C-alpha cells in the first residue's frame, strides 16, 4: 500500500514531493500595481473568465513553508523559495477574481504544490531586497524613503525589474490580489490522438485560511518587462505604473473550490 | 483560445512549460545493475504490479532534448539536463516490466514532461564523468580500463555514488531497462475530504519510438546509497552489485499506453 | 589606463568583480558555541598563532551587501549571499584573537572580497531559518521557544547541521567572534619551482567600523558535523556544545592591519 | 605546519580550494572569430600591451579537470565546469600574444586556479550544445550542416549568444587563441591608503604542456552581445563576424612565465 500526496508514492510516504496538506506559508512581499493593454490582458484569460479591468499586479515574495508536522523550516532547503507572480483583474460569473497567467518559483516542492492548485508554475530566478533591523548602507528602512528592488530571470534572460520607494502606510493590499484568485488545473494526456484532450482541465478557486497580514507600506514604483524569445510576459508590459507595496503575509492552504470543468467532452 | 500542452497556457502557446510532443532525446548513460532485498523492493510496487526479481538498475544520464521544431538544443539551457533513475524488476499481468520508484532531474521542463508520463520526478543534483576524444589525465577512455563515476545529491545530502570500470563490449543493455517501463500517473485533488481521491491515478506503459543505442560497454561496478532523513531510497540498498555499463541512446516520445485505472471509485 | 579594485580591470572599472572599498554589510546570524579536541584545533593554526582555548563557534549568516555608491541591494543578485564561518580561539603575541580555518559562501563577489581579507573562502550551500513578523507554523518566533536551523553542504555533501532553541536575551556575542579576527592572506606562485613560495603570505587582522548589533538571543543548541571525503572540518567535531545565538549585525570594511609577513625569504 | 596550494591551508592539505599543480584539462569548445572597433579593444589592454589587430575570439568550453593524483573526474562535481572566454589580439614587446579582458566560469575551484594564472575570472552561466554519437533531432552532427549554440548569462542577464554551422575541417585553430596568452596577475591591498597599491600586479604568460587538439571543424557563425548594466563586454560588440569553430583540446598547466612587474613602486 503506497503512501504519499504526490509522486513518488512509497511505503512510508515520506518521499512524496509535496506532503499532505495543510501547507503553511509565510512570506515577505514586494508588489507593483500597473496597467496594461486591455486586449492583451483579455487574450490571456481562459474560457469562463472575462476581463474586469486592465489593472495588473506583480508580486515578488521570499517564502518560508512548513507542512503540518515536519517543521521543514528547520531544514530550510526544504522550506524556503522565491516566487514572482503576475495577476490580472478578471470576472467569473460576474464576481471579481484575480487570474494568474505567469508564476515562477525556484524549488520543485513549490512547483508541485502549485500545479495541484492550478498555478502555472515554472522555474525562474527571483531576487528581492531584504530589510534588516539595523541601520546600514546595505539595507533599506521599512518606512518613508526605503527603497526596495526585485528582479526575475527566466532561462538566463532577465525578464522583470521592479523598484519601490516607500512613503506611507496603506489601508489596503495591492489589487488584484490572492484572495479568491482563480486558477486552471490542467493535466494533459500523452496517448496519441489525445494530446489536446487533457485528463484534468477545470477552473478552480483558491481557498486559504488563517490569513495574516503585516502593516502594508506603499509608495512609488517602477517596473520594466524585458523582451524574451518565447515567454509571452512582454505582451503584458506596463502602460502605466500605479503604486508599489511592501508587506508580509501568512496563510494556510488545505482546500480548493471546483468552479467549472473545461473538458470539452465532460 | 489559449494554447499550450501544459500550463501556462497562453495566446500563442510558446510559454507552455512542456511543448507539444513529440519529444526527442539523446543521452550519455552510466548504469549499475545490483540486487536488493526482495521484500524491500516489493514494498515499492503499486497495486497491479508484482516483483519479478530482486535485480535493480540505477541509471545516470546526461540528456539533450528538442521538441519537433524549436531546436532547443541551440539554446541549451532549454535542452540539457541530468537525470538519475532507479528501476525495479516487476511484472504486470505476467509480463515483465520495469518500474521506477525514484527519479531525479535538474530542469523544470524535464520534471513536467516526466509527470505527464508518470515518472515520479523530483529535483536532484546528478554529476556524471564525461569521456572526451583526446588522451588526458582528466578523462577516461571509452574502452578497457576506462573509469567513470556518477553521484546524486538530493536537498544537499549526497544520496548515491557509483563507479564503473569498463572491460568489454556487451551485447545487451542493463536490466531492468526503459523498454516498456510501467509508471503510475497521479494528480491529486486538493478539495477538503478528497486529498486521497486523486483526479488521475492509473498505470501506464511508456511507448518510445526511433530508439537508437550506441555500442554498450560493460565492466565492474560499485554503488553506495547513503542515509537520507526522509527519502526512502536507502531501503533499496544493494545487497550485491552485478555490473556497470556505459552507453548512449536516443529515443522519441509522443505516446503512452493506459493499462489500468487505479481510482477506487473509477 | 585600466581601473578596478580587482580583476577584471577595464576602461571604466565597473566590471571589476569586487569594487573599491568601503564595503557595507548587514546580516542575520545564527551561531553555535562548542568545544573541540584542543590538539585538533591547534593543528589548524598558522605559524604565529597559538591556541587560546578549545572553544569554537560556527556562524551561519544571511548577508546583504552594498558598496559605497552602487546600491547593489536594489539588484539583490549582486548583493545577497549566505555564509558559514568556523572560528577558533587563538592568541597572537599574547592577545586573544579569533582564527578562521573554514568559511563557505555562495557568490563570487563575496569570495573575492574575502580572499583580499585573507578569509579562506570556498563555495558551499548554506541555508538558515528565517523569522517573519507574523504568527505562522512556517516561522519561529524571535523569543523564548523559537527554533532555528542552519545547514551547510559542500560539493553535494551535507557537512554541518545546527539547531538552536532561543530562551533569553544575552548581554554578549558568541565567543570567539569577528572582532579583531586574524586571517592569513595567501596568493601562490605558479612558476615551476615556486609553487611553495607564495607571492603573498602574511598574517592580517580585520578592522571593521560602524559595527551595530541587534538584541542577542541565546539558548540551547545542537550541532552535527558529518564526514567529508577531503574537507577536514570533521577534525573539528564538537566534543561539547555550549550555546546557540540569534542576532543581526552590520559593519563596514575598508581597512586591514598587517601583522606579520610569513614568507620564508621575506 | 599547514599545507595547501591555496587557502584554506590545513593540517593534511586536502581542503585547499585549488590543489598543487599540475592541473590537467580536457574540453569541448565552440569558438567564434569576429572583429571589433580597434579603439574599443585597445582601451582594454593593460600597460605593456599594444593592439595587434581588431580580431577577437569568443570561446565557450565544457571542461573536465583533474589534478595529478586525485582523479577528480570520478567525483565530477569537483571536476566539470563551463567557461566563456574573450580574447583580444595584442602584442608584447613586438611578439603577438592573446589577451583576455573577460572570462566566466561556474565553479569556485576553477575561479581560484584562474586567479593564480591572472585570468580575470568571474561567475557566469555558460551553456553549450553537445554532440552525441547517435542520429537524433536532439543533437547536431559533427560534420557539414551541424549546428551548435552557446550562451552566457552574467548575474541573471543574458550577455552573449552564439551559433555556428559547421561546413569543413580546418587546418588551424581560431585566432587569437590560448597559446602563449598573456594575463595580468593582480592581488590588491585592503589597508587604508593602499587600495590602489596592489601586492601583486604583473604581466605573465601562460605556459601549458601536453597540448592535444582534435580535428577542428569550421563554418559560418553568428554572435550577439547584449547590453549589460555594468559589465563592459558590450564595448567589444562585433562589427563583423569571421567564422565559427568546433573542436576539443587537452592541456596540462604547472608553470607560468613572469614578464613584467607593473607595480609602480616596484
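Note that the chains take the letters A, B, C and D in the order they are written out, and that residue 1 is the start of every chain.
Methods note: a residue touches a chain if its C-beta (ideal position, glycine included) is under 8 Å from a C-beta of that chain, and two chains touch if they have at least 3 such contacts.
All values derive from a computational prediction rather than experimental measurement.
Chemist: Any idea what the CA-fit rotation angle from chain B to chain D is, to the nearest 5 degrees?
Modeler: 180
Chemist: Tell me which chain's centre, taken as the mean of its C-alpha atoms, is farthest from chain A.
Modeler: It is D whose centre lies farthest from that of chain A.
Chemist: Could you give the separation in Å between the centres of chain A and chain C, each centre being the mean of its C-alpha atoms?
Modeler: 34
Chemist: Provide the C-alpha centroid distance between chain C and chain D, rounded to the nearest whole angstrom.
Modeler: Between these chains, centre-to-centre, one finds 30 Å.
Chemist: Any chance you could list the residues of chain D touching two or more other chains?
Modeler: 75, 77, 125, 127, 151, 156
Chemist: Any idea which chain A residues touch chain B in the complex?
Modeler: Spelled out, the residues of chain A in touch with chain B are 2, 5-12, 14-15, 17, 20-21, 43-44, 46-47, 70, 75, 77-78, 101-103, 107-108, 111, 115-123, 155-156, 184-192, 195, 199-200, 229-233, 235, 253-258.
Chemist: So in the complex, which bits of chain C are touching chain A?
Modeler: 24-28, 62, 64-66, 68, 71, 73-77, 79-80, 125, 127-130, 132-140, 147-151, 161, 163, 212-214, 248-250, 252
Chemist: What residues of chain C sit close enough to touch chain B in their complex?
Modeler: Answer in residue numbers: 125, 127, 151, 153, 156-158.
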